[in-house]
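Look for chain A in each of the two complexes below; its partner is chain B in the first and chain C in the second.
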Partner chain A sequence: MANNNSQKFSLKSFLAIWAILTAIGIWISIKGTPWLMMKSASHQMHTAILTVIVFSVAAAPVAAGIYAVQIYALAKWRYKGEGVPPDAEPLRNNVKAVSAWIGVSALLTTFLLIWGLAALASDENVSGPRPMTVNVTGQQWLWSFQYPIAQTLLHHNVESNVLEIPLNNQANFNITSVDVTHGFWVPSLGVKVDANPGAITTLSVIPNKLGVYDIRCVELCGLNHSAMITKAYVVTEKQFLTWLKAQPASQPVATATVKN
Partner chain B sequence: MKYGRALLTSLLATILGAVVIAGIAVALAHLQPHQNPYSGVVGTTSETVNGQQVSVKHVALSLATYPDSLFTGQPHGANGGAHPDWVSYNHDNLVVPANSIVTITLDQYDSGGALNNSFFGQVRGTLGGTATFSTWGYAGCDPSTFVCTSTAKQSLADNGVKSTLTSNQWPYYSVGHTFTLRSTGSAPALLVSVPLPAVYGDKDGAFYGPQTTPNAIGGTYPIQHTTVTFSFKVKGPGVYQWNCEYPCGVKTGNFGEAMSTYGYMSGTLTVK
Partner chain C sequence: MTATIDLQKTHAAESSGGGFLRRLNFGTGIIFGVIGALLGYFLPHHFFDNQGSAYADQCTVISAVGWVVGFWFGIGALAGPFKWFLGWDQTHADEMYLAGKNQGKKRYWKYCTDHKVVGVQYLVLAMVLLGAGGILAMLIRTDLISPGTHFVNQQVYNSFLSLHGMLMIISLIIAVAGPWGNFVMPIQCGARDMAFPRLNALSLWTVVAAAVPLLTTLFIGGIQDGWTTYAPISIQTGIGMNTFAIAIITFVISTTVAGVNTVCTIMTMRTTGMSLDRLPIFTWASLIGGALGLYAMPFFATAMTMTILDRSAGTSFFSADSGGTGWLWENMFWLMGHPEVYVILIPAVGALLEIATVFSRKPLFSYKTAIGGMAGIAGLSILVWAHHMFTTGWAPQLGGPFMLTTELISIPTGIIFLVAVGTIWRGNLWMKTPLIWLMGFIANFIIGGVTGIYLSDIPVDNTMHGTMFVVAHFHYVFVGSVLFGAIGAVYFWFPKISGRFLDEKLGRISFWLAFIGVQVTFLAMFVSGLRGMPRRYASYQPIFEHTNVISTIGAYIIMAGMLVSLANIILSWRSGEPSGPNPWQSKTLEWLVPTPVPLENFEVLPVIESDPYTYGEKEGAHA
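Up next is the complex of A and B:
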C-alpha cells in the first residue's frame, strides 16, 4: 500500500469542505430552529428563538471545522495493513495556529456572553400597559389560577384551572406551590419558573399573539406529573372581561397552612 | 476475525441495552390501575340539545372512600393487602362509554380537615355546576371548625341529624377527600372536581356516630357517613386521571404513599 503520508495537506480542499458544511449548518440553524421550537406568542419567546438561532449560527463554522478535519483526514490519510506512518508534529509548537484558535474562541465566547446577558436583561425588564396580576398555585397534580382583578371589577374572587390573559397587556404572575416543587412553564410565552412551597416566585410577560397554548409542569412532582397540563388562552381585552364575568364567584373555604 | 467478533459483540450489547431501556419506558408509560375495571350500571337518559330532548347513554357509578383498605370486597386482597392502613377508594379503574353522562354516588367514610388549596372546595365541571351533599351533624360538633367537644356517641344511632345540600361548593371546614379528574394528553379537555365532606371525629380521634362492621376482620366504619352525588358528561375516547386533592397522606407534602398510588387514592377513567 502506498504511503499516503506523502500526500500534502491541501488547504483549498479543506476550505471547500469546511465552507460547504458551514453553509449547511447555518441553513439548518436558521430554518430548523423555529420549526423545532414552539410558536412564539411573546417577546421573550421571540428572543429565545432568536438567541438559539444566533448561537447555532455562531457554532456552525466551529462544528463544520471539526467535521471538515475528520472528513479530510479519513479521505486523505487512512491506512491499511503494515507501515502506518508516525503522527505529524503536534500543533502546540505552531504559534500561529494556536494563537488563531485561542483568539477566535475568545472572540466567539465573548460575543455569546454579551448576547446572552442582553437577552436576559430584556426578559427581566418587562414593562407594558395595564399590568394584571395572576396568582398561580401548583398542587399535585393541577394548576389553579386566581385573578385579583375580579375582586376590583366584580367584587368577588375568581379561580380557574385555565389561564386567561388579554393580548398586549402585561401579565404579572405570583407563583407558589402548596405541596412539592413544581415547574410552571408556558413554552410559547417563553417563561418558566419553579413553583416552590412556602415561597413565591414571580415573572412577567406580555403576550403578543392570540391563541391557545400549553402550560406544563417541568419539575418531576409525583405519579401524575405528566398529566399536570392545562391551557393558556390569549384573548382580546373584551373577550377576557366577558370570560371573567362568566366565572362563578369563588368562595374559599377554610384552608390550612402547608403541612410538612 | 477478532475485529469482526468485537464488532458483533458491541452491536449485540447495544441492541440489548436499547431493548431493555425501551421495555422499561413502555412499562412505565402503561402504568395500570391496580383494581379490576368497573363500569357501573349502564342505561340511557335524555338531555336537551338545541332545545330538543335527545337520548344519551347514562352510567351510574357507586364509589366509596374508606379510612383503610379493609372494606367489603377486599380489592387489595385478604386482610387489606400490602397496606391495610392506607386510605382507599373502592374502585380505581373506571370504564365508561363515550358521549355518556356519568353519575357518581360516592359514600365517604373517612374523617378529614381543612384543604390546603381553596380551589378544591368548589364543585367544578359537573352538570349544573353543583353536587348534592348528604351529611350527618351532631350536637356538640361545629361544622365551621370541625371540632366536637364530646366523646364518641357510638351507641346513640338516632343522635345524628341528616342534612342535604345542593351547592357549587362545600362551604364548611371538614373535607375528607376529593374526587378530582383531569384529562391527559390523549383525552378531550375535561376537569371535574368535587369535595367530599368528612365524617366527624370526636376529640379523642374516634369516629363520631354509630359504627358498623362491613369488612372481614372487625374494623368499623360510620353508619352515618356522607354521600355525594354529581354528574358530568364525557365526550370522545381517551384516558383521564383522577386523584384525591386533600393531602391526608405522608411524605412529599402529604401526597405520598396512598395519595400517589393507583388503586388507593388515584386511578383512571377510561372512555371507550
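Up next is the complex of A and C:
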C-alpha cells in the first residue's frame, strides 16, 4: 500500500553536501581553533590546543554526515501535499548500517581514548632544569605565593601576591586553601587544580614563553570570586633572582632552621 | 476500580465521597504550610539555645520542614495514610472524588489522582519554574552586558546564578517526564491510571512544596555557592542554604516517588499483548529515565542532609578542620549530578523519537537498538561522575578510567542520532512544528555532544574546566537539546490534552527565534570560555566584552522565542483550532482514545497485536 511513496535518494548529491560540510568543519577546526583559544606558554597548553584541533577534525565528518542528512531531508523529502502524508516505505532495520555505525563510533572512541591517555602521560611527565617549589595559598579572595627557595638563598621567607617564575625552569606548585575551595588556574600555562582546605594538591609546569599572564580563580568561592585574579610573570632567571632579592622578608625565620 | 461502574447507583454516594478532603485544596495547603513554617520557626525556642551560633540555621531548617509537612497536610496528601492508620477504608465514592470525577476545573487545584490531571498540573508547574529560572537567566545576562557589576551586587548575582541553575535543573527534570510521563505514558501502556495514583498526586504536590522554600532562598539572603553548593563554602554561606537544602531533599522525595510509580506502572500495568518489545519508545524512555532517577537522586538528599548537619548540628562531614573533606561532597554531588543529566535527557529523546516516526510516516528505525542506546547511556552514566572532578586534585590516578567511561558514552549517544536520522531517512516529512523542533534538537545536540568529548579529555579539561566553555556546552545540551525536545513534545501532545492545535505560525516564529538565539548566545559563550573566561564571574575583564555582549543579545532572542511559545499555549488553549482525537494520524494508544480523555481512559482495554510503528505496513493502529 505504501510502495509508491518511497522517497528518492541520490547518493551523489548527498556525498557532495557531506564533503562540503566536512571540508568546512575541518577548515574551522584547523584555522579557527588556534585563533579562538588562548595563546600557549607551556607544553600543557600546547597539548590542549592540539587535542582540540585533532578531536574537531575527527568529529567533523560525523557531524557533517548528520547535518547532510538533515539538509538533504529538508530539501528533498518534504511532503508538499495537503493533510496527512501517505505512509512512506517502511524501513525497520538495517543490520549493516547499524553495525557499521557502532563499529565506526567504537573505533573513533578508541582513537580518542588512546590520544587522550598519551596526551595525559606527556602532560604529567614534566621534567625540566632547576625545579623550584612555589607554595600557593588561596583565601577569600586573594592568592599568595611563598618561595621556599628564598630560605636557601636569602635565609628569609618571601611571600608575594603575584607569581614570579623563571622561563624554561620547572615550577612545582603545592596548592592549598585556608578557607573554602578555590581553583588555581594559569590559563596560558594550561594547568589548573583546586585549592582545597586541609589538603595539598600539586602541579608542575615549565613555562616556555616570557610574558605576563593572568591567574584566575575557577571555583566559585563567594562574594568576590570574580575579582580573585592576579598576575603570573614569566621572566628570565636573572630577573627572577633580582626580583626575589628585592622582596621584603615576610617573616623572621628562626636561624636554627636555616642552618642545617 | 473497575471499568463497569453503574453511574446511576453511585451518583448518590459520590456526592458524599471524599470526606474532609472536600475542604482541602491548594489554598488550604498554603495556609497550613505557612502555619507549619511559623510553628517550625518559633518552636525551637524551647529546644535550642538561642545564643548558639547555629541557632538561625536550626530555626530555618525546622521552619522549612514545617512548611513541607504543613503543605502536605493542607493539600490532603496525608489523608490516605491517616485513614489507613485508623483502619478506615476508602470507599468507592472516596476514590472517585480523589480522581476528580465531575469536578471540572476545580480538580486542577486539588490533590487529584487522575494521571491526566497530574500531567496537566506538571505542565503548568514546569512552565512556571522555567519562567522563574528564565527571568533569573535574563537578569544574569543583562548584568553581564559589560564589564563590572551593574544593577545587582555580587551577593545578589551569586544568588541569581545559584537559583537559576537549580530552578532550571528541577524544571527540566519535570519538563518531559512530568507532563507526558504522567498524561501520555499510562495510556501508551494501555493502563487506566498509574500503578499508584495517590503517589502520583504526591509527587506533583511535593514539587510545589519544594519550589516554595527554593524561591524563599532568594528573599532571606540567597546563597553564595552556586547550584553545585560545593563544601565548605556551603557551610559558610548564609541561612538561605537551609531552605535551599530542604527544597532539594523535598524535591528528591518527589522524584523518588515518581520514579517508583513510573517503573511499577510500566512493569505491571500494561494491557494484554503489550509486551516489552511492543512498548512505544517514549514509554521505554520513561522507564529508563525513571529507573535512573531512582538510583541517582537519593545521593542528593543524603548529601544535603549532611550539609544541614554540618551547618546546624556541628558535625564535620565536609569541614577539613575536624577531619572532613569537601571532596566527599563533590563525589556525592556528582554521583547524582551526572546520571541526572540523563534523567533529564532520556525522556526528551523518547518524545522526539515518537515525533520522528509520526512525522516521517515511517516505523522507528532499529527499535531495539534505540532501546539499547538509551539503556547504554543510563548504565554508563552511573560510572562517569568523577569526570567533573578531573581538576579537583581528588584521585588523579583515576583520571584514565573516568576518561574511558566518559568517552564510551559517545557510542550509545551516537545510536540515538542513528535512530533519529534512520527514521527520517526517505520518509514523507510532514513539516509541522513538532518535526521542526526535532530537527533543531538534532542540530544542537551534535554541538552539545562534540564539545562534551573535548571536556572528557583530561588535557583539554585542564584548560576548559570551570570556564564559560563548560557553561556553553551544557546549555547546548539543556536548552538546545532538552528544552527543544520538551517544547516539541508540547507541540505534539497539546492537541491531546486540550483538543486544540497550537498555532503553527507562532510555533515556527518561536522555533526560529529560539534556534537562532541558542546559536548566538552559546557559540559566543564557547569563545568566552576558549579565551579564558571562568564561569560564575559577576564581573569580567574587558577582553571578554565582545563575546559577552553577543551572548546577552542572543539570550534576549531566546527569551522572545520562549514568550511566543508561551503566548501560543495560552491563546491556543482558549481558542486554538479544534484538532479531534488523532490529528497526527499516530498509532500509539494515547491517540486512539477520545479527546478529552475520559476518566480511566479506556471503555474496554485494548488488546495489542504489534508495536505501534506499522506505518506503511498495515492500516490502523496496533490494537
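Details
As a convention for this text, the second predicted complex is superposed on the first by the 232 of 260 C-alpha atoms of A that agree within 3 Å, B and C clash if a C-alpha of one lies under 4 Å from a C-alpha of the other, contacts with A are read in each partner's own complex, and residues count from 1 in each chain.
The definition used in the following text is that contacts are C-beta pairs under 8 Å (C-beta built on N, C-alpha and C of every residue); 3 or more make two chains touch, one makes a residue touch a chain.
Quantities reported herein were computed from a predicted structural model and do not represent experimental measurements.
Judged by the touch definition given at the top, the superposed model places A:Asn161 against chain B, while chain C stays out of reach. Between chain B and chain C, the partner in contact with more residues of chain A is C. When the shared chain is aligned, chain B comes close enough to touch A:Lys231, but chain C does not. In the superposition on chain A, A:Ser144 makes contact with chain B only, while chain C stays out of contact range. Of the two partner chains placed by superposition, only chain C is touched by A:Leu74; chain B is not. By the document's definition of touching, of the two partners only chain C reaches A:Thr47; chain B does not.
Contact with both chain B and chain C is seen for A:Leu223 once the two complexes are overlaid on the shared chain. In the superposition on chain A, A:Pro248 makes contact with chain B only, not with chain C. When the shared chain is aligned, chain C comes close enough to touch A:Lys192, but chain B does not. Comparing which residues of chain A touch chain B with which touch chain C, the overlap comprises 179-180, 197, 222-224, 226-227, 229.
The residues of chain C lying in touch with chain A in their complex are 154-155, 158, 224-226, 228, 230-233, 236-237, 320-321, 325-327, 360-363, 365-367, 369, 391-393, 399-400, 403-404, 407-408, 410-411, 414-415, 417-418, 421-422, 424-431, 439, 442-443, 446-447, 450, 453-454, 456-460, 462-467, 526-527, 530-532, 534-541, 584-585, 614-617, 619. On the side of chain A, the complex with chain B involves touching residues 137, 139-142, 144, 159, 161, 177-180, 197, 222-224, 226-227, 229, 231, 248, 250-260. Within the complex formed with chain A, the chain B residues making contact are 113-119, 121-122, 124, 129, 144, 168-173, 175, 180, 182-185, 189, 191, 193, 195, 241, 243, 245, 247, 252-255, 259-262, 266.
Here chain A touches chain C in the complex through residues 1-2, 5-9, 36-38, 44-45, 47-48, 51-52, 55-56, 59, 62-63, 66-67, 69-70, 73-74, 77-79, 84-94, 97-98, 101-102, 105-106, 108-109, 112-113, 115-117, 119-120, 123, 175, 179-181, 183, 185, 187-188, 190-194, 196-199, 201-202, 214, 216-227, 229, going by the rule given at the top.
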